[in-house]
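Look at the two complexes coming up: chain A is in both, with chain B in one and chain C in the other.
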Partner chain A sequence: MAERTLTLSIGPQHPGAGHFRLIVVLDGDIVVDVKPDPGYVHRGAEKMAEYRTYIQNIPHLERPVIIDSSGILFPYVLASEELLDLPPPPRAQYIRIIMAELNRIISHLYWLGIYGVFVGHTTMFLWPVGDRELFIDLAQMIAGARVTFAFFVPGGVRNDIPDDFPDKAIKVCNYYEKRLKEYEKIFFYNPLVLKRTQGVGILKREDAIELGATGPNLRGSGVKSDVRKDEPYSSYDDIDFEIPVYKDGDCWSRCMVRLGELYQSMNIIKQAIKKMPSGPVKNAKRGVLKGIEGEAFARTESARGTMAYYIISDGKPYPYRLKLSVPSFRCLSLMKHLLVNQHVADIPAIYWGLDYWPVEADK
Partner chain B sequence: MMGVLVGKLSEVIEKVVDEPLSYVINWGRLYSLWPVHLETACCSAEFGACHGPRFDAERFGVLEAFGSLRQCDLLIVFGTVTRKMMPRLKLIYDQMPEPKYVIAMGACAIDGGLYFDSYNVLPGIDKIIPVDVYIPGCPPRPEAVVQAIMMLQEKIRRNKAIAIGSWIRKKFLKKG
Partner chain C sequence: MSLTTERERALLDKIKAKFEDVIKEKYVKPKRIRIDVSPQKIFEVASFLKALGFNQVASVAGTDYPSSNEMEVVYHIVAIDNELRDIVFALGERVSRDNPIVPSLTDVWKSASYHEQETYEMLGIKFEGHPRLERLLLPEDWADIPPLRKEFKLPGRE
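Up next is the complex of A and B:
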């Protein structure tokens, strides 16, 4: 058996991997064993958080998921607000929802662009990456940066939204909802894409729960679980939206879940703009922020799944310990489960179908 | 007398051979920059946006990073280089054929940036490999990436690819 197999290293310098290595053992073109090798971008975010104040922690904590920077910061502000005793005003909660959903769209469109390249559909690289700029423009109107916003702060958000933002946001959402119909026609129901993704990398419902999948990967396997619905945070309970769930558990279902989320995110943005109350956007408390002694836990639904923070404070201006639980790290156990007994050619479709972002997993 | 003759000869060679040949060679190198696909950290997301329809870096003569590293002549270091990535970065740089150029993208690649005091981050890649163009920013905007590519092309354009004239001067004239 030993002489029949071939060990192949995919990454870190490989068009299909990027800051990540996948050691694949092959028999012919069937994958026999997979060893994921993460850690190429481990930058010690948790350790760094211990010698930075609660405010100074904001910029470096959003770098791990640069395309979903609000998503990773959301639970951090929720947990640190609990420790710093800084409840956010109601308007700030709605602005946070808008920003988080804009970021979810930006992240999913980036994923869709790269997935298009991975399954051999180059048009699907250019369309989402081009349309993503519209949403980046919207986020830029609010926060001033293209991808790293540092917009959420403990006690609210940094600034109010500009006056012309609501009109422009609704215009862009209306345009993009029409545009997504074309996406469906050219990509999601394209025979080539269906051949590459349907029935490939099937993750059964029980396995998904057992292996700890979160987010779209879990919902692609038929489990209706979303933190926004299960434990509503930050006024998500005021907003009426659906959770897309698909039962098959293959790559195509995971794609369709993300497509459904694009529709739902735009729906949420429109509703949040309508329901937004007026008032201040930031807690008026000033001065050196010291955490009360104790611990706080918060979890939210980021673009890739459940993002959770656990912060312990000992009464100093900086956290005693910060634990960050990221959804991408859970993909590593899924990868081993899904890639074995598949063809080599299916590796890119399965690997990127999980929306694994190595920088996030390495922290 | 000999010195004057050699000097004149080298000038003629410079004008007739070196300059036209250098121009042609540089022209060939300028608009066919192929980056290696080595994503070291998060700046790669903005490099992806740089090849989207809005910024379209390809019209300036740099391709998307999907080539084999043996055919590439440009290494863009996308941000943070950790201790695990460091030996691989050096290995990849050494495997690339000459001429090769390096762009350090983002504050992390310049001096560690936001992660200057992290235990696992290399403070600046110029300690391992030579860098041609630095792009500041965290992450740099796609416009800045395009500008860096144009600056690199300007650098290649000024390069003397063939220098027989100055070689003659160095060889036969003691005073230079």
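Up next is the complex of A and C:
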């Protein structure tokens, strides 16, 4: 058997999301074994956090997933607020929702662009990457930056939204909801895309839970699980939205979940703008922030799934230990399960269908 | 959001009824419970938690405490798609720094696998029975001590 097989390294050059290597063993064009090899962009974010104050930690903690930088900061501010005893005012909670959902759209559109290339559909690279600019512009109106916002702080958000933001945001959302219908026609229901994604890389419901899938990968396997609904944080319980769930567990289901989330995120943004109370956007304390002795665990739903922080404080201005638990890291255990016994030509569709972000997994 | 802890208390009582002498309650907060057990008993308690409905490991965190010459491992366990979905259960254990060996819980939760491997690499805690205790994130030729131990200092920072 051994002389029949061929070992192939996919990566570690940049395959669209960051440096990562998949070691696949092939028999003909069938994958017989897979070993994910992460770590090429490990930067020791957890160790760095032990040397920085709660405020200094904000910019470097969003680096692992700049594409969803609000998503990765959200649980950090929730956990540190518990330790610093610095709850955010109501208006800040709604601004956070808007920002997190904008980031979800920005992240999903990036994923969609690369996925288009991976399944050989170049139009679906150009459209999302172009339309993504609309949402980046909206985020820039609020936070000033285009990608890494460092906008959430313990106790609220850095600044209020500008006066012309609500009108602009609703206009963009209304436009893009119509635009997404065109995406559906040209990509999501395109016979060629259906051929490449339907029935490919099937993740059964039980396996998804057992192997630790979260986010769209879990919901693509028919599991209705979303932290925004399971344990509503930051006023998400005030907003009426659906969780898209698809039962088949194949690549197409995972795509359709993300498509549904694009619609839902715009729905959430529009509601949050309407329901937002007036008032301050930040509670602040003077001097260096010191955590109370104890520990806090916070989780939120980021674009890729459950993002969680576990922070231990010993009463100093720095966390004693900060554990960052990211959704991409949990994808590692799905890869072998999904890729073995598949054709080598299906690897791109399955791999990027998981929306695995190597930099996030490496931390 | 409710700020009462009745549900959490009832859940903990269920576990206490079975493991009275084994577990140590650390805290019960709204939607958060933490208990500590000894490494010898953690497998049994974990199996019972899984039977209760906590079916996925969200995080495994190792922490180094040189002051008491101990290391701590905390499993944060969540319930996917059942009535315990809003609760995060923390299951902690402490082990001596001199010989940090704890049983692996991958036989209970497969989702613990990569988290345990990372903890092994970053703190040097050995998970007995883990199928793959090898390098994951650090460079292949890493020859220093595990970096999340407290005596590993960042150059120029201390």
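Side notes on the structure shown:
Rule of thumb we're sticking to: the second predicted complex is superposed on the first by the 357 of 363 C-alpha atoms of A that agree within 3 Å, B and C clash if a C-alpha of one lies under 4 Å from a C-alpha of the other, contacts with A are read in each partner's own complex, and residues count from 1 in each chain.
As a convention for this text, a residue touches a chain if its C-beta (ideal position, glycine included) is under 8 Å from a C-beta of that chain, and two chains touch if they have at least 3 such contacts.
In this text the structure is predicted, and so the values were computed from the model without any measurement.
Of the two partner chains placed around the shared chain by superposition, chain C is the only one that A:S333 touches, whereas chain B remains out of contact. Contacts of A:H343 after superposition: neither chain B nor chain C is touched. In the superposed model, A:I312 makes contact with chain C only, not with chain B. After overlaying the two complexes on the shared chain, residue contacts for A:T148 are found with chain B alone; chain C is out of touch.
In the superposition on chain A, contact of A:I66 is made with chain B only, not with chain C. Shared-chain residue A:H42: touches chain B and chain C both.
Contact with chain C, but none with chain B, is seen for A:R321 once the two complexes are overlaid on the shared chain. In the superposition on chain A, contact is made by A:S225 with chain C only, not with chain B.
Shared interface residues of chain A, touching chain B in one complex and chain C in the other, are 39, 42, 44, 47-48, 51. Remark: chain A residues 12-15, 18-19, 39-44, 47-48, 51, 59-60, 63-67, 110, 113-114, 126, 129-130, 132-133, 136, 146-148, 359 touch chain B in the complex. Of all residues in chain B, those touching chain A in their complex are 36-46, 48-49, 51-54, 65-66, 69, 80, 82, 84-85, 88, 92, 114-115, 117-121, 138-139, 141.
The touching residues of chain A, when paired with chain C in their complex, are 38-39, 42, 44, 46-48, 51, 209-212, 214, 218, 223-225, 230-232, 237, 297, 299, 306, 308, 310, 312, 320-321, 323, 325, 329-330, 332-333, 362-363. Across the interface of their complex, chain A is touched by residues 1, 31-32, 55-59, 61, 63-64, 74, 76, 78, 80-81, 85-86, 88, 90, 109-111, 113-115, 118, 122, 135-139, 147-148, 152, 154, 157-158 of chain C.
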